[in-house]
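Read from first to last, the chains carry the letters A, B and C; within each, the first residue is number 1.
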Amino acid sequence: MSAEALVARDLTKTYTLRGGITVPALRGVSLTIHPGERFALLGRNGAGKTTFLRIASTLLVPSSGTVEVFGHDAIGDPDSVRPLLAVVPQEGKPFFHLTPREQVYTYLCARGFSRATAKARTEEALEQMGLEEVADRLSVTLSGGQRQRTVVATVIATEAPLLFLDEPTIGMDPFARRGVWETFRRLTRRGSTILLTTHYLDEAENLAQRLAIVERGRVLVVGTSESLKQQVGGTFRVSVGGGSRIRPQLASFGNLVEDGEAVHVIVGPERVQEILALSVREGLAATVGPVTLEEAFLSVVGHSINEES
Amino acid sequence: MAGTVTASNAPGGALLPAFGLIGWRWISRNPAAAIAPILLPFIFLYFLRLISPPAYFPLEIVGAMLFTTQNIGNWVLGDSATWRIETRMQDLFVASPLNKVRYLFGIALSNLIPAAPALIVLAVLLELEYPVSPLGWAVLGSCILVLWILFSSIGIAISSRVRSQREIWPVGNLTFTFIGMLSPLYYPLTVLPPAWQAVSRFFPTTYAALLVQGTLGLPGAVPSDPYLDAGLLVALAVVGTAIALRLYRWRDGD
Amino acid sequence: MALARIRWAGTGEFTLTELRVQLHEGLAIVTSMVVQAVLLTFVVLLARSILPYALIGAVLYSVFMLGQRVQNEAAYIRIDHKLSDLYHASPLSAEGYFVGMSAGVLLAYLPPILVLAVVLELVAPLGAVATLVLIATAAALWLFTCSLGYVISTFFRDNRAIWPYASLITSAFGVLPPVLYPIRFLPGYWHPIAMLLPTSSAACLVEAAQGGLVALSAPTLALGAVALLVEAVGVFLFALYWARRSAQER
């Protein structure tokens, strides 16, 4: 039996729409996730993140390829795998006529937990998600962030060995998100493995031990956030306001990430002074900071887009 | 502990009570969800009472009970489609030790609960209008059980093919109201034109109606072989349920 | 609220928008006659002699069902899509939004209603006066039902919770009162009450205009006509007010 939490090999998925139009959502994706790891999938809208997550969590049949979850065949024998996983779907909502407490409790009971265990885990999950004060309010009366936390609470209460979280903190305020991150860290310390998709790059940077960037159904790069930042050609980001008018000169220093009129140049420490001097000569404002995951992401995906076109 | 890579939750547990709680909460917190299933059969019974021979009334009450049971399939269709499309809650159940048959029973039970008061009130009305023997109640109860399973299966199978919330109402209307109309639930079989009678013989509700009408000796009941009716009801129900479960798409792309 | 202050900006455009949306739901349009078909089948099988009444009633019941469509549509757009926010925070007036939605639904569902009207004409042809009364009462009923449906839709936060109310309302207004059956089936003391309901008063007015179908006194008929008019206009005006008020959450 494989020691890995998830092994996906050459996954492809093509959707066929009305009129025979085909949309290739995944084009040969291979990924390995280690037990106890927090792994994030990043990508633009429509990149294939959710499609991958749904296939891996037995919610969707792929066109081809294999997925193993703790050594079990998730595609051919999904029933063998389902006791080992739980999923927070994208844009999920709790049952409106139930309270968060009832939502979590009934789900745990349906999964086969004894009532005593379900009750205990429900209370723990509600506390971890900061829902104690609204635990007995109908979900229809909760805010969007509270509803999302209810769905997350429902799933983390299972403490399944493998958790799939599709944009789990969408709609949550920064405090709530940090609380949820801590809960996810606690879960992996206790042995769960987490695969999440997110558009929040700070979330990926803070939470994920490894991540992959997906674009147009392919994995562009896999690594830690530090290794990804190093790949983009430097550890510093010099942001030049209005730098688009000296773009050719800036391009000679290193990779560029453009943001409207501003241009961010990714360079090593040895070239920072040169760019600052150039900016001053041109009468432009410039700031210096460490490369963030966002620049790495924009750079990697931007290159991919350029290559495809 | 979650780190142990074995099933952290074995099949079993409190599945039916969990779904029962979901169904109970639905009607306890939505008065109309409790009242509508009770009132609607009576509104139609009232209409039929006005336009049809009075002797048919007990038959119409039984028909209302069978139609209410069949209509649970419509509610199952609505619920399971909503859970899949709008709330995405079905994903949580698919990615769990629960299998589709147990999920079906859960949803079917959660929708039987709102229908139960209507069935009970109709049963009381039937007893007042036309006292029923213990055998009659057993046959009626069995038919209700069979139709509940069959039409819940049909409802959930259809729901897995519905693509948006908007499709729920017309698809449900077409399927369940249409089947109800084709079967002699509210009138004797002989009232139908011969061609229609032949078509109605393909529906399990027809045999349920004939069986109950015959066993209870209701005015208007058509003479028929109860064992044949029972056998055909069960056979059609088994086949229908099997087909429905086969067509039920538990996982996208299946 | 003075009539002059009602704003109609964007009504036409939103009517077309809603029509376009509804025409994508072909199955819903086609199956909108299923309940009527069932009830007419009961009549044909069990009480053929009242078929003319049932057909007149079925046409009016179909118009009444439009309110349920508006109710579901308004709730769906607001709760599921949250698109009502886009339209309310725009030059489109709230009144235009409500009326446009109602008109769009009417246009989309008119074909099956007309088919039913043709069936009526083939089975139990109406005279010219009765036809005019049918059109007028159907129009009043449309005003009433769409207004009621739209107002009710604003009270719900969950689509699923609406369905039982929709069933109850259409059955309570359409099946219970003498819409699909002659009013003479009810005891005399129920007649004035039946004439206060817009659906049954519309049906009785058409039957009276046909001559020979119903024998109601002139005061009773007048009661029905006035009630229908007052209810239609009153609920419509309230709906206009409510549309504007509910466009902004409080």
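Following the convention adopted for this analysis, contacts are C-beta pairs under 8 Å (C-beta built on N, C-alpha and C of every residue); 3 or more make two chains touch, one makes a residue touch a chain.
This structure is a prediction, so every number in the text was calculated from the model and none was measured.
Common neighbours of chain B and chain C (chains touching each): A.
With centres defined by CA atoms alone, the chain at the far end from chain A is C. Among the chains present, the centre nearest to the common Cα mean is that of B.
Across all inter-chain contacts, the pair with the most C-beta pairs is A-B. Work out the mean CA point of chain B and of chain C, and you get 30 Å between them. Chain geometry summary: the mean Cα position of chain A and that of chain C are 49 Å apart. Centroids built from CA atoms put chain B at 42 Å from chain A. The set of chain C residues that touch two or more partner chains comprises 160-161. Contacts with at least two other chains are made by residues 97 of chain A.
Looking at chain B, residues 30, 86 sit in touch with two or more other chains. Across the interface of their complex, chain A is touched by residues 157-158, 160-161 of chain C. By the touch criterion given at the top, residues 96-97, 140 of chain A touch chain C in their complex.
In the complex of the two chains, the chain C residues touching chain B come out as 25, 27-28, 30-32, 34-35, 37-39, 41-43, 45-47, 50, 72, 76, 80, 159-161, 163-165, 167-168, 171-172, 175-176, 180-181, 185. Interface of chain A with chain B (complex): residues 35-36, 54, 57-62, 70, 78-79, 82-95, 97-98, 102, 105-115, 118, 138, 151, 154-155, 158-161, 164, 187, 190-192. Chain contact summary for the complex, chain B toward chain C: residues 30, 32-33, 35-37, 39-40, 43-44, 46-48, 50-53, 56, 78-79, 82, 86, 165-167, 169-171, 173-174, 177-178, 180-181, 186-187, 191-192.
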